[in-house]
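Following: one structure in structure tokens, then a few remarks.
Residue numbering begins at 1 within each chain, and the chains themselves are lettered A, B, C and D in the order written.
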Amino acid sequence: MTEYAPHLDTNTIVNFGLLAMLLAVLVAIVRTRSLLAAVLLMGIYSLISAVWFVVLDAADVAFTEAVVGAGVSTAFLLGAILLTRTESLTKRWQDMVMPGLVCVGAGVLLFYAALDLPLFGDPSAPANAHVGRFYIEETKNDVGVPNIVTAVLASYRGFDTLGETIVVFAGGIGVALMLGFGERSMGDLPPALRSPVMEALAESDHHVVLRSVAKLLIPIIALYAFYVQFHGEVGAGGGFQAGVIFAVAVILHALIFGLADTMDAIPPELARAFAALGVLLYSGVGVINMINGGNFLDYDHLFPLAFEAGLPGSHLSGGYHHWGQHFGIIIIELGVLFTVAATMIAMFYAFAGRAADVVGEGARG
Amino acid sequence: MADVLFWIDQLGMALALAGGILSVIGSLGVLRFPDLYTRLHAASITDTGAATLMLFGLALMAGFSQEALKLLIAWAFVMLTSPTASHALANAAWSSGQKPKLGAFSLMSGKREPAEADTASGEKGGAP
Amino acid sequence: MSSFVGYANYFAVIILMMGGLYVIFSTSNLIKRMIGLSILQTSVGLFYITTSKVFGGTVPILIDEDDPARAELASRLDPAYFESAAYDGVVYSNPLPHVLILTAIVVGVATLAVGLAIAVRVREAYGTVEREEIERKDRIRHAHESYEDELDETEASEADA
Amino acid sequence: MLLGATAAIMVAMVLMLVRAFIGPSNYDRILAANSFGTKVVLFIAVIGYLFGRPAYLDIAIVYALINFVTTIALMKFFRYRSLQASLSHRRVGEEARDG
């Protein structure tokens, strides 16, 4: 086998170009004084890294980073800035020297350590040659799903993904415990507490164009979320990305039609219920597998073996279709969709809904 | 038949290149124009123009396939969202009191206010 | 030249990591530090995906036999390299790091939201999100509480004296 | 030719980044972010064909939608400093009158 020597092709050149852009945005984020500009540059930073993931053949990761990085985390950061009322930063050079030295020192050590890593793109690197190769070869006859990443995420590593779904659910509970569910703000706003800007809304802006386009777009985004969910095995996509896209559709509705209308449409109780339902659905599939005699999340036992053998082209009767795996992956991806979408919506309600308390803040020291 | 497909591919690539050049011109415009409203013009018009050229060029290369449909859907969304975002941005900037530099005028009264820029930044090239 | 291409990605990712770390250390504003944290998390994702890329590889989605993309992708690689890296006619990048980073990003947003919620409550409790002022107010509060404890002790000792 | 289109789009992205960095007012930065997002949609579509595997077009579509939502969130934040206020006339009208 010829000794692998990395050489420049278009993929590598575009990769270096994007990394240069990332470094430029990083310098801008470090130097900027206004917190709002930092949030905006953070959106651009996650956008460039999403494109960089696309260039390096990571379609699912690019999907998640594009949707999560630009959409949801910008909304949370803006909500937090609104609630903490800090918009400009004070910078003293004294507290720049020591962190700078520490980071440069750590960077030099990491550079030295990076010299032992395999060359960029080397197929015979231990990770790519043995472990990665196993999953590329075994997916067809174990799970029978074209998208290897979804197969590993949902079937080989199903238990870990259950853990991650519960982590997202726990994050939602944590935010709800600290910021409430946003219902308190939906009470009638006493005039004293109304922030002056609300009056400015009354006559000057009427945003007709924005409202009509939003009315058109919101159902399309929600529909696209389900498309991403159900074609998760064939192309790039899956439960996580679909959940966040659905949450972004609800956030767009809240941004344009006001949180009150959105809470009428999707009440916080519904969001709480669906978050729990998703985790229940996911672990329920595991229990069904155990009832049918398999391990906790072994979807080959999703259906009783006699029933699955009877299905057309099933791998038990000579074909190569893993019906249990297909349906198992779809159902748990649906569970992940419910949990992630409901948790992101509940978190947005918590951040956006809490503004009214702070407006009248002066009560607590 | 093969050379027809070849020429369609070449036409598609040429359209994509034209779209790329148009977006570079648009970005140059965004950099060089004096105030927000002219930059909005430069950005949103060339965005939709470059999107149309490029996505149709790629759809030509994709032929009758699922990719071509996805390209057209992406084109439809860009045409729907980019002008709306620019409109909302202009509306927000205008109502927050950011006056255009060249020849500011007031909507309601219809008469021409002296351009704020003449007094504020003291530029010599005042409104005609 | 080839050793530069081999390590350049790692160096760029390390610079991004250190940039995120610097943002966390140098600012006193809690929200800006959360932004530094998410830069650090994203750069870890970049590092994992750098190790997963196989030269000339494509998205790890299995291409079925009759797809014309197979010939297209095979034509781009020199045959000697192709035999060793390909799996039934196509070179795929390593899918495993993608799975890890996919969930890391979603969990990262959940923890970002919890961190921001903590920052909001800190703001409501202390009236500020700057680290120095929070520490100063803490010291004042401790001094205040220790003074009250002394008062209680003196009253208690007088009561039972 | 496709390489030329990719290079052109990358140059356009860099120029848009420059506007995002120096943009005097925050509205310029939103403009730069919005236009940057649209250029990224085109860039993803082109490199799909440049590398011979157009598997990323879903990401281009998703990005056309998400970019709009981010621009609206930023615009509403800079202008109204509130994420919960409604922009629709009906609701605002009632609140203003009886508020």
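The criterion applied here is as follows: a contact is a pair of C-beta atoms (placed from the backbone, for glycine too) under 8 Å apart; a residue touches a chain by one contact, two chains touch by 3 or more.
Everything quoted here is computed from the prediction, not taken from an experiment.
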{"item": "Where chain B and chain C are represented by their mean Cα positions, the distance between them in whole Å", "value": "35"}
{"item": "CA centroid of chain B to CA centroid of chain D, Å", "value": "12"}
{"item": "Separation of mean Cα positions, chain D and chain C [Å, integer]", "value": "24"}
{"item": "Intercentroid distance (Cα basis), chain D paired with chain A, Å", "value": "18"}
{"item": "Chain D, residues touching no fewer than two other chains", "value": "6, 13, 30, 51, 55-56, 58, 61, 65, 67-68, 72, 76, 78"}
{"item": "Sites on chain B at which at least two other chains make contact", "value": "77, 81, 84, 88, 92, 95"}
{"item": "Per-residue multi-chain contacts in chain A, two or more chains", "value": "39, 59, 79, 81, 200, 205, 207, 210, 217, 220, 235-236, 351"}
{"item": "Category of the chain touch graph - line, ring, star, complete, other", "value": "other"}
{"item": "Chains that touch, pairwise", "value": "A-B, A-C, A-D, B-D, C-D"}
{"item": "Chain B to chain D touching residues, read off their complex", "value": "10, 13-14, 16-17, 19-21, 23-24, 26-28, 30-31, 36, 39-40, 43-44, 47, 50-51, 54-55, 58, 61-62, 67, 70-71, 73-74, 77-78, 81-82, 84-86, 88-89, 92-93, 95-96, 98"}
{"item": "Residues of chain D defined as touching chain B within the complex", "value": "1-2, 4-9, 11-13, 15-16, 18-19, 25, 27-28, 30-32, 34-35, 38-39, 41-42, 45-46, 48-49, 54, 57-58, 60-61, 64-65, 67-68, 71-72, 75-76, 78-79"}
{"item": "Chain A residues within the chain B interface of the complex", "value": "200, 204-205, 207, 209-210, 213, 216-217, 220"}
{"item": "Residues of chain A defined as touching chain C within the complex", "value": "1-2, 4-9, 12, 15-16, 19, 22-23, 26-27, 29-30, 35, 38-39, 42, 45-46, 49, 52-53, 56-61, 64-65, 68-69, 72-73, 76-77, 79-81, 83-86, 89-91, 95-96, 98-100, 102-104, 106-107, 110-111, 114-115, 117-125, 127-128, 131-133, 135-137, 139-140, 146-149, 152-153, 157, 160-161, 164, 167-168, 170-172, 174-175, 178-179, 234-236, 238, 240, 244, 340, 343-344, 347, 350-351, 354, 358, 361, 364-365"}
{"item": "List of chain C residues in touch with chain A within their complex", "value": "1-3, 5-12, 14-23, 25-32, 34-35, 38-39, 42, 45-46, 49-62, 64, 80-81, 84-85, 87, 91-99, 101-103, 105-107, 109-114, 116-121, 123-125, 127, 129-130"}
